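Look for chain A in each of the two complexes below; its partner is chain B in the first and chain C in the second.
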Partner chain A sequence: MTAAVGPTDRPELGTQDHPLPPPDRTARSSPGASWAAFRAMLLRDFTILDKRLPQFVAGTVMQPLMLVFVLTYLFPKIGQAIGGGGGASRFSSLLMAGIVAQTIIFVGIFTVGTEMVRELGITGEMEDRLLAPTSVSLVAVEKIVSGGLQALFSAMVVFPIGAFVPSTPVYLDVQPVVLLTLTPLACLNAAALGLTMGSRFSPGTASYLFGVVALPLSFLGAIFYTWPSLTPVPALKYALLANPLVYVSEGFRAALVPSEPHLSLAVVYPAMIVSAVVFTVLGVRGLKQRVVT
Partner chain B sequence: MARATRGIRRVLFVAALSLSAFAVAIVVLADDARLGCVTDAQRDPAYQARLLGQIEIERTEYEIAVTRDGQPVSGAKVCASVAMVGMEAMGVSDTAEETAPGIYKVAVVLEMSGGWRGSILITETGKPPVSVPLKFDVG
Partner chain C sequence: MCSSSPFEVSVPEPDGDGPAPTSPAIRTGGAESGPAPSDVVVTTCLRKVYPGGRVAVEELNLSVRRGEIFGLLGPNGAGKSTTVGMLTTRVIPTSGTAVVNGIDVRAYPARAKQAIGVVSQANTLDQGLNVWENLYFHGRYFGLGDRAARSAADELLERFRLADRKASEVEDLSGGMARRLMVARALLHRPAVIFLDEPTAGLDPQSRIALWEVLVELQGEGQTVLLTTHRMEEADEHCDRLAIMDHGRILAVDTPQGLKASLGSGAAVTARAEERLDELAAYLSRAAGVTEVRVIDGDVRFNLPAAHGAMQWVLAAAQAGGFRLTDLSVSDDTLETVFVNLTGQDLRE
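Entry: the complex of A and B
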């Protein structure tokens, strides 16, 4: 004989007499759970990158390769060397710093930015991430770390291109301490900028990301010229200080061709730190606004 | 750890490859032999440089004799940058390799006959870079 199974004494939750208990936010954001979620999200990003590796490598390599090929190989070969015969080597060396900076910023904007636009507006993948036992801020920080690592990879790729593609010799007087401290900072800056852009653009306006943001940022980012050389155009020279790419370009100039005139590192480092913090805050805030709405 | 990284093996491989390529590139790009072509240099009448042998379109390599106060300059970084007169944008330049004391070999092709000019940039260890002007005709 078995006991009859009847209704339990457990009260029905969600009623006026027995409201739902508040969510246990302490458990959701405990450091251990957050760290595990952070690592899992990072691993997920790199697993996706692994699947799309050929496209990522092609996309990363193509722009610096084309710039270096046209400006420092093709132009000298067809008699249009920038800087003339003797100055072509100098231009190529100056350009290297600018192209490293541009590549980092572009990878930051397009990897983090466009991915965010897609995940927020099209695939809804961001919702999955937000279900992780961690805060929205940490989800945003993970995006920055993931984008920063991809930007770091892209920066490394530029150097072999600069070593073997130009038809005029490129010489870099590498300052290891500056290079090793500046590069991670530049990568975080780029990814934070991408986060800010990605959280503010919708799929419908994402196409403007290139034309309205990336292109002016690039051409006015001291990539093809040094910031001090803009002295004949003082209004532009000082207006360009609002462009974060200028500090990255000039910082790499200090790290790679220190004998050339460049912005002082005493200006570059603080500006890059402030820029990274500001864009991180703006990006986190933008993401919070998007996921709440 | 191994299980976690299984899905990103290709990424790790490409990252390692890029790091190696980066290291090689830094060594190549920081080679002091390339410095001679990039540095801004002053003229110094004590230095002399001249191309050896017949200057003609067919040649792909030239030897340069470099002297200071008439004595061969050995162990310097030397770079030749030359362009046809009136067509300076078509200039060519190359870092030189020392083949004998004071004799440096460069690989440049002078593709058109006529007047050419340029400079030889010489950087001796511990001394400021020096530029020696060069003017010659290609037959």
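Entry: the complex of A and C
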């Protein structure tokens, strides 16, 4: 049994001094209402990002800046051995891809993930969006889209750091097609991963997000080394294929330093598509389970 | 077992996980015979069993008329929140139907959300947005264009006396202001019914009064309001009709006056005498309609079926029996008595 939602015959709300706006909306179809709500939620997210831009940039930049600074500026300067046989310059170039990948994944986990933990568990402020005239699934998808765009933005902020901070030259051979297709896929992966985690962690366990999830993901994510170089440790090499960050790092290597050995794009693309789909499904399901009983 | 009429309420049975209501009396108020077109909320055989088997709501038949303030009363765990959850799309019913403004909530949750406004007990204002933006974005979520959302936000802030705080962060608002803003937000898209969960909980007396002024004013303009509350005196004063719930069932639905008249214990009488207290108690307990006679601290206390005329009756009876009363007081029944009579006195936590 359904009926159109529209103006009712009840008296106007509002006082004479401050009448409420007339009910000018006629019945909205569900897809139309959902699309309007979706756009409004994106607008809300970016309004808040705009307000918190300095904090967002500082939070995004600090870790990659420190890593790049110590490993590729300071170490070569003080003569600390780094980069194996290839020397500091090669290492800086390899690290570039890893740093971009790590930034994207971290923004996904921390921006989307911790935001979800807070909004669902602490403040309950997601309530208003969950009551918007759309499905909970679309609220979840909006989070992924918004988180993905923020990850993209952060990658663009971090790129110059990897390129200009190292004390040795960074040699990049940018593959535009790979870069332009891989980056959105990486951002989608990151945001979906963040939603998956954020909808499953309670405020009490959220602190483990960094220690138990982000740290191992990062150190075992082929950021400081390439995946093919792990051949001497075969067990680890193949175990690492379970880490979605590995594909992102290796993919960026193919996009930025293609002459270096890296995981084949024939593996990277399908793996990233599969993991994006899996984490999107898990994230949407996670949010639904959390907010609808 | 669930009847087809939304107004026939089954007699509650002890279900083992709590005390049975002391009075199984069931009332439905008015001359209802079925859902009327003017009913904004209609539930039929609505039932919720949570995973694990806990039955939160048991075959609920409820109807809220357009333009009324309807109160849902019940002890903790009675099923109020689950009921409101099912009506506001957040809890999926196990069986039965919930219809809000003609829309089946379970089948069309996204559409149903256009017809409801929700004010939860916790402050769920968007912390990333300021006071004005909370209203503006709410309007945008509901499909208002930029200009319409702006003017709706401005007008509601004026109306709810929050205009001077429009640029404030919501975390800087007092509890009363935050609750008013949440009510304003819930109303912005002109829902057919707004749901308020314990609207005055945690507010100081001034804020409580201010909030009730708003709700009563809204009702005067035709807004339907469904609220849950523990505050009997507020329910008594402001609600047009009340449903008393326990163990997932509705035990009684009526106007506050109707509930008190039919389910109260009448008038509570305290008579003081200098001497022969026990004789007085024994004498009174033989009279028809006198119940719960006991002697406490030099007083004889007992109940009468109604407060009206009670004082004259007691005086005449005492005189006829040769007793001299030195003091006499009669207090009218309260909704709280009705509530405790129906739901028992056991502590619910």
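Everything that follows uses one rule, which is that the second predicted complex is superposed on the first by the 259 of 293 C-alpha atoms of A that agree within 3 Å, B and C clash if a C-alpha of one lies under 4 Å from a C-alpha of the other, contacts with A are read in each partner's own complex, and residues count from 1 in each chain.
The definition used in the following text is that a residue touches a chain if its C-beta (ideal position, glycine included) is under 8 Å from a C-beta of that chain, and two chains touch if they have at least 3 such contacts.
It should be emphasised that the depicted structure is a prediction, and the values quoted were computed from it without experimental measurement.
Of the two partner chains placed by the overlay, only chain B lies in contact with A:169; chain C stays clear of it. Of the two partner chains, neither chain B nor chain C is touched by A:269. In the superposition on chain A, A:47 makes contact with both chain B and chain C.
Shared-chain residue A:90: touches chain B; no touch with chain C.
In the superposition on chain A, A:224 makes contact with neither chain B nor chain C. In the superposition on chain A, contact of A:160 is made with chain B only, not with chain C.
In the superposition on chain A, contact of A:127 is made with chain C only, not with chain B. Comparing chain C and chain B on the residues of chain A they touch gives the larger count to C. Residues 43, 47 of chain A contact both chain B in one complex and chain C in the other. On the side of chain A, the complex with chain C involves touching residues 1-3, 5, 8, 10-15, 17-21, 23-25, 28, 30, 32-34, 36-37, 39-41, 43-44, 47-48, 51-52, 123-135, 291-293. Of all residues in chain C, only 50, 66-67, 85, 88-92, 97, 99, 101-104, 107-111, 113-116, 118, 120, 122-129, 133-134, 137-138, 140-144, 148, 151-152, 155-156, 158-159, 185, 187, 190, 192, 217-218, 221-223 touch chain A in the complex they form.
The part of chain B that touches chain A in the complex is made up of residues 4, 7-11, 14-15, 18-19, 21-22, 24-26, 28-31, 34-35, 37-40, 79, 81-83, 87-95, 118-119.
Residues of chain A that touch chain B in their complex: 43, 46-47, 49-50, 53, 57, 76, 79-81, 84-86, 88-90, 93, 96, 153, 156-157, 159-160, 162-164, 168-174, 259.
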